[in-house]
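Below is one structure, written out as structure tokens; the observations come after it.
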Amino acid sequence: MKEEVEKELVEAIKSKFPDVIEEAEVLRSKRISVTVKVDKILEVARFIRDELGFDYPISAGAVDYIKEKQFQVIYYLLSSKKKVVLMLRVNIPRDRPIAPSLTPVWSAMDFHERETWEMFGITFKGHPNLTRLLLPEDWEGGYPLRKDFKLSSKEGS
Amino acid sequence: MYTLNEIIGSLTKFIGNLWQFIFQMCMSLAPVLFIPGLTFILLFVTVVIWFERKYLAHAMLRMGPVYAGRVFGWLQCIADFLKILTKEIIVPSDADKTLYYLAPILLPIVDGLAIAFIPVAPDWVIFRGFGYGLPLFLAIVSLGPLCPLIAGWAANNKYTVIGSLRAAYMCIAAEIPLLLSAAGIAILAGSFDLVDIVEAQSKMWFIIPGFLGALVFFIGILAEAERTPFDISVAEQEIVFGWRTEYSGILFMLTMMAEYISLLAWELLFITLFLGGYKGPVIFGSPFISNIAWVLIKLGILTAIIILLRTVFPRFRLDQAIKIGWRYLIPLAIANIYIAIIIKLFFPFVV
Amino acid sequence: MKDMIKKLIQPFAVVFSHVLRRPHTIQYPYERLVIPSNYRGRHVLDMEKCVGCGVCARICPNNCITLVPVGGRRFKHPQIDYGRCSFCEMCVRYCPHDALSMIDFVELSATSREELIYPPQKLAEIPSVKEALPQLKKELTVEVTESGIRYIRRKV
Amino acid sequence: MSEEPSKRVMRISWGPQHPMSGQIRILVDTDGERVLNIIPDLGFTHRAIEKILENRNVVQGVVPVERMVMVDTANNALAYVRAVEELLGIEPPKRAQYIRVIICEVCRILSHLYGFGLGAESGGGYPAVFLWSTADREPFLDLMERITGTRWSYSFFVPGGVYRDFPDKIKDKFLKTLSYFEKRLETYRRAWFENKIFEARAKNVGVLKPEDAIRLGAAGPSLRSSGVSLDVRKNEPYEAYDEIDFKVVTLPEGDSYARLFARYLEMVESVKIIRQAIENMPSGPYRKSVSPFKRLPKGEAYARVEAARGELGVHIISDGGFKPYRVKITSPTLRNLYVLSQLPKISDILLADLPVIMYSFDPWYLDADR
């Protein structure tokens, strides 16, 4: 297994932000996962974009860990030079779902953050236009991708 | 006191006169009713729509109309016509009702009236226009573009407004070159009378000395009759159906008919100005039938070419089309006038 | 200039070459493509093989299979709601006794949703195209040659 | 969302009831013919596929995933299947990998033919190419019918391999179809890409510079036609792509014409890939059995696949249950629609350019909405 590039990147992040990074690991070749504390995510994001070259935003999503009572927001990023995918994760408490928006860093996260907002109810502070993307404008059924969302009986089986 | 003979004599005379009067009336009405009048217009529209659908279908590897009328679906247009008659006319709630109804009724009338000036045989013209057929034709046809403008405004829809403004832009860009190239022909023929213009082409069709004019005129027709690649005012990819978006039922059919009637009017003028009108070698013996047949043959070929363009070219953008009109067509049309003057002055034996 | 004229003339030639070709249209109720025998069309249930284990109902991604009792039979048998079925073949693949299979029959349209629910008895019948499409006159096969596609028509 | 910004600006609702828009509403602010702002309004075909996948086991999951892009089903299924395989830690047999490559590339051709035909129609008055390309999909659909059993949404890729073997007797027909198709591609080039008016309509329209394409996150051929060579098939070779010789299509221009032409060139490459895959296909097993009724291992897997419209990512997170805990699908069209809304130099765009630019991105709204 040759994962030198990936390891180097992880080391670079770790050494730059030793106390902000909760976890940084190489998942497999071309996949890096970095978990960051909420309050410093913008700084880390800027560093990742400018210094490490993760300039191509792929997507953003979230996971509802209902047992741990937290949401995990995941940003998927790609380095167009090194062709490595980085998953930038941030854990936020489930009862106060507010995270800073990364649109100032990667403007293309716009649509993905809007989608995460309407699907999970995570508010992204600093997002220019946090309105519904996929759901109807008058949707009142709650947040569909949360684990406590009630499905109709037949679909849930 | 009149004798019986006198009474009978005068009655016979009166009936004879009446008969002559009715006959003359009929003869003078015949162009209006048959060719190039109402029947011909309706037939032309039906046949051309059928042909266009069938041709487009085959170019796209489809079959087109098949079932109505069994053989090539020739009854399809009539079936569609009957169907569309039964459709409800839906008027948008905020529309200006009078103008909304007026525009599609006015449009085919305006274009149809212009056909009155076209000769299909030496003395077979509905109205010769006191020797000013050509300018009268152009004057009446130029009323046409007003209708899309009215319709687009009256329907109170964003698409129709954009479509009607596009139609207005296109008409201005197309009509000036059309007028100029027609002027070149008037100079060549030395007359504004369409019959005289046709007669002047007995030596040579004006398409040869006035080639540039013919080119300009042809492109102008495409733009004026909203044909591809200049069907910008009804561009369905952008603005649904342009100024016709809100029309339904019989009103929609009238707007569609108007498109083909204006195509017919302009094509007939093109034939008259450039392709020698009703001139041609005698066929079928009778010179009268021969004249009409020549018009029909030329019309058919010209229409086929125009329809053919629809499968070959995409549509121009508005700015490109206007640029073509102002930057290329007008100079070419002016050049055509110069050529006409030069020919008239120095080589009068040519035409 | 030469390039421009070429680019204006060339499309005409290509379009003309298509006008004279035979259309690709298949006039469906009168003509029908021959469907290969491995096609995933309607299910056929072999009631003798079916033991009512319910694997098909469990694996179905669309929950369109329910097991219903059939009069005079020991086991429950699957009933398929074609309004929900996506013809993914999962039930056929995971049937442990090969009781379900799919055949090359696709004429399933119905006028109501209830008609689309096929009980086991109906699933056990093997349908015939003749009955479903009385208008059918010709069957077609697609043949690719070096020069083009040909539809070979054969009378039924 | 529907108020007009000012009196001077007219906001046109381009879709969803529109001849060319598809299942999307695009709010276009115009000043006369000039476009000021493009606001995509998605969600008309939202089917909550991510939620559905949380309630299906990994074998069932292939079926809804395929329905994301009907013309490009195989690539969608492959992304999901690869994520599942990574999670389960199994590698499909070599023969299965080659069969997957063949079917994915056929799907790419099918998808590009469709998108490319729509691109021709977007220019207006040229629907002939659209119907030709639809007709030319038929021989490929016929082949797929013989291999997988359906014309689309094959449900053919299963975790552990492919469901049926590639019938060797079909090879001849396959190669014949490919050589026929190469001839047809030439026809399209002559009729459409070398059409003067189409060039006038599409060249220098909606130009996307490489740095903008990367910054805005354009995907697939739309990105590569801006000169950025990012292709998952090359960068992160999956299945048998590392054993096949092909080149990544990149064009320097970045305008609408280049985006459409890149699709055309990709079809040419696809034909080459399929030829090689058919020739080099090894014999052997084509499937490892995976039980749908077993617990998944705890963990996560993120698989990327180069679908016809661009990079498609499926991220599966499992908590050790029977069904995935969370499936995140990253679709290319959503990103391309963002690019559309943020096009640089938007004031150069006229209303008539909008469909051309739109369909040069080859959008598939079901893909964006999921």
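Should a chain be cited, it is by its letter among A, B, C and D, assigned in written order, with residues numbered from 1 in that chain.
We take it that a residue touches a chain if its C-beta (ideal position, glycine included) is under 8 Å from a C-beta of that chain, and two chains touch if they have at least 3 such contacts.
Since the structure is predicted, the reported quantities are computational estimates derived from the model, not experimental observations.
Centre-to-centre on C-alpha atoms, which chain is most distant from subunit B?
It is A.
What chain lies closest to the overall centre, CA atoms only?
Measuring from the global C-alpha mean, the nearest chain centre belongs to D.
Report the inter-centroid distance (CA atoms only) between subunit A and subunit C in whole Å.
That gives a centre separation of 43 Å.
Centroid from C-alpha atoms only, then distance subunit A to subunit B, rounded to Å. What do you get?
Subunit A and subunit B have C-alpha centres separated by 64 Å.
Please compute the C-alpha centroid of subunit C, do the same for subunit D, then give the distance between them in whole Å.
Centre-to-centre distance between subunit C and subunit D: 25 Å.
Return the distance between the CA-based centres of subunit B and subunit D, expressed in whole Å.
47
Specify, in ascending order, the residues of subunit D that touch 2 or more different other chains.
128, 132, 135, 195 - these are the residues of subunit D that touch more than one other chain.
Could you say which residues in subunit A touch two or more other chains, in rising order?
Answer for subunit A, listing residues that touch two or more other chains: 155, 157.
Got the subunit B residues that touch at least 2 other chains?
59-62, 311-313
Mind pulling up the subunit D residues that touch subunit C in the complex?
Subunit D reaches subunit C through residues 56, 59-64, 67, 128, 132, 135-136, 138-139, 142, 145-146, 149-150, 153, 155, 163-164, 173, 176-177, 179-180, 183, 187, 190-192, 194-196, 199, 292-293.
In the complex, go through subunit B and note every residue touching subunit C.
55, 57-63, 66, 308, 311-313
In the complex formed with subunit A, which residues of subunit D make contact?
Answer in residue numbers: 1, 42-43, 46, 48, 50-52, 55, 86, 214-217, 228, 230, 235-236, 300, 302, 304, 311, 313, 315, 317, 325-326, 328, 330, 334-335, 337-339, 342, 369-370.
Which residues of subunit A touch subunit D in their complex?
The contact residues of subunit A facing subunit D are 27-28, 30-31, 55-59, 61, 63-64, 74, 76, 78, 80, 83, 85, 87, 106-108, 110-112, 115, 131-137, 144-145, 149, 151, 155-157.
Under the stated contact criterion, what part of subunit D meets subunit B in this complex?
10, 12, 18-20, 30, 32-33, 120-128, 130-132, 135, 195, 197-198, 200-201, 350-355
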